[in-house]
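Following are the structures in question.
Both complexes shown next keep subunit A, but they swap its partner, so subunit B is in the first and subunit C is in the second.
Moving on to the complex of A and B:
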């Protein structure tokens, strides 16, 4: 008799036997996350794939700019034992590079291209990782890095409409906001018998 | 006795006859507008009620058209990313003249809620001429219908001249397109 608790235990056992785990996070009854070393990712993913976690649902990256790290997240799913397993690994933010997992999960091809485009992570082993996928002719920092400023880029690239008049709704003669505040104070005073609270 | 309704054509110059024919053409054109719906953004959700029995666009003589070459109106419904703008310019240039552009929502006007996005342009009329803007985020269906009626009025009064502006200021539009897009041509590994 399989249930989700047994499945979670099974995943924990599999990953713990395969590689040293830095951190385990149980997100809910169907999701488990393991933080492991970068060098163990391929082995752990192979073990999981051979145990039935044969679908790579997603792969992406997170930019932890204060720690100067990128976190790669691989999400795999098993159709017989319904547990999503996240495999997380920190890689260096300067000159980020991660060996491709293309031989294990061929479907990662486009996820790796996307991660290269939006974070600038190199994936040696994937012959197409440097090709453009979503952005066309991008000429700046990869846009999902935290040090990229989308507002400044927008101001520089796309002309904004200039308005001949100020259409803002703040009117110095309109005291409705102050009146509303006064009403609030008055209602509060009545409610509390003149006390502030 | 000659009808007083019509001036005999012999007394008109060529330019005047051309103008007459344009007026006749505009009369039929404004009562039979075919829309190319370029549903780029969320304002496209206003089109089903506008087209179906709730507001019934057909009573104004408007209908959807499948290809740009046979459409009169290019309907831009919502925000335009850089990628979509490239395809939109392709589409606009494919359309046969006279052609009109109707832009829905606040995103084509000034960027709307995407004004600070790296992927979405702020102002559509820098790249192609726009005849009617329908403001709102999103505009309600009455406003969309009103925008179409406004366009018909503009055609009647010969003020829907966006496509002429595109000819007159072609270099200016092209320069803006190049400044924001880098290159207007689409280079796409899936189509080459």
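Moving on to the complex of A and C:
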């Protein structure tokens, strides 16, 4: 327990010395979050990597549509001083762009490709970021943006089919189809306020 | 010789799940390769934003098919971190039992999966038969065989049924006695040793470059880098177990570690069954209506040691009844995508299936 407190203090000291910190948040006794400026991300990640936080666990983005911002998230981990560090930075939503951290963490390559595909963020410095990875032939807004509506997309992309002919088999003894039609008319009448048609 | 394109797709017995490896080969040496995911993409991260916290319980196990319980655990712990919720003591121990059974079942599946690329199908039949017995136990506890939806926010759904301890003891005793048989059939079998020794090497610098975790990392680095030891969750700090490592990292070493980990999981389950206290197993997670409760705003990342490496959920709440953003860190993401692009070239065609098996690549968690 004493060790983990020392590690937390060490991380705070490292990040505070490297760059101005907007906000520190302690999630539990083995996880810290720092909000910093976009321009400081590379420097902070380099400092952390040189101090042993050399595993990039996760990288992605969050869409804060009300503030018109994207929040980039980098989670790094040190196996010898076990503290998870989240580095978060806001970037503009209208023309989202962030220099790639590929020179620092080569493993970020596919995370950045995924973030470009799902949020439309550009990562100059990553040679393949614009290539298609998962969504084949996608022709709409990047899907994880909050203003993308999946049900509207599916209605537009896959319209409900209209059948020109009625293929239902009619058995003169079986009245169930007629009954179903009657029920439909009645239900519609109730919904539209007694307006039978 | 002219370069030729080959396709190792889902129909191949050595391929796990619905992804495919595209290889450009010269003779039988792979020159370039890449993984093509996307055949299984179901938009989970988007769907989770549109569902209540409770509703998501039915969705998350689908993120990784062979090992669904880690998803439930990662989702529940991330939400509990945001809620600052203390789970009842007994629920922690039940969760550990479930997670260790899931680890054994996943290891059996992947160890048996060695039978596909090497042609030793007997191993696969044995492993799947034993895995089926674990699924029987899961069915008795949770009512479902594969997708259990058992670990929920605030504990587990229901207490263990009466008399299940006997079933568990009977199963782990029989499996323990069969572990030498598994070794003889698989990694100690001379034909298989000849096939897998010194293939799929994973040097230490590649581990750090890609961000490989789990068994691949422990075999390459040789240290006990296991999240159950390093960042203990549930009650892993109160049970005694060893983390098997190796000083040589090839396909045989990773499979050897898998069998040793099965033994350790058996030991953990035994300790859980004796140390488990009585008591409630679930608390109400939040204020509000029975389903539409809210979670305080915040960001949390919850790492879990799965059978294939670090598995985590990055969860953002804005104080609403739905998650604002859920990000899934799949355990096989780094070695599955970047590993196949960078380090599969140079090996032979028949090693591709072995790579996919020993690295533990699970395509649904790449396509979530």
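What we mean here is this: the second predicted complex is superposed on the first by the 156 of 197 C-alpha atoms of A that agree within 3 Å, B and C clash if a C-alpha of one lies under 4 Å from a C-alpha of the other, contacts with A are read in each partner's own complex, and residues count from 1 in each chain.
Criterion: a residue touches a chain if its C-beta (ideal position, glycine included) is under 8 Å from a C-beta of that chain, and two chains touch if they have at least 3 such contacts.
Since the model is a prediction, treat every value here as computed from it, not as a measurement.
Undergrad: Would you sort A:150 into first (subunit B), second (subunit C), both or neither based on which partner it touches?
TA: both
Undergrad: Could you look at A:95 and tell me whether it touches subunit B, subunit C, both or neither (first, second, both, neither)?
TA: A:95 sits against neither subunit B nor subunit C.
Undergrad: Of subunit B and subunit C, which one touches more of subunit A's residues?
TA: C
Undergrad: Touch check for A:176: first (subunit B), second (subunit C), both, or neither?
TA: Neither partner.
Undergrad: Once the structures are superposed on A, label A:107 by its partner contacts, choosing first (subunit B), second (subunit C), both or neither.
TA: second
Undergrad: By the touch definition at the top of the document, which applies to A:161: first (subunit B), second (subunit C), both, or neither?
TA: first
Undergrad: Between subunit B (first) and subunit C (second), which does A:137 come into contact with in this model arrangement: first, second, both, or neither?
TA: After superposition on chain A, A:137 lies in contact with subunit B alone.
Undergrad: Common interface residues of subunit A with subunit B and subunit C?
TA: Correct list for subunit A: 134-136, 143, 148, 150.
Undergrad: Note which residues of subunit B are touching subunit A in the complex, please.
TA: Against subunit A, the touching part of subunit B is residues 82-83, 86, 109-111, 115-123, 126, 176, 179-183, 186-189.
Undergrad: Which residues of subunit C touch subunit A in their complex?
TA: Interface residues on the subunit C side: 37-38, 41, 43, 45-47, 50, 81, 208-211, 213, 223, 225, 230-231, 298-301, 303, 310, 312, 314, 316, 324-325, 327, 329, 333-334, 337-338, 367.
Undergrad: Once bound in the complex, which stretches of subunit A touch subunit B?
TA: Within the complex, subunit A contacts subunit B at residues 131-132, 134-137, 139-140, 143, 148, 150-151, 153-154, 157-161.
Undergrad: So in the complex, the part of subunit A that touches subunit C is made up of which residues?
TA: Where subunit A meets subunit C, its residues are 25, 27-28, 30-31, 33, 54-58, 60, 62-63, 73, 75, 77, 79, 82, 84, 86, 88, 105-107, 109-111, 118, 133-136, 143-144, 148, 150.
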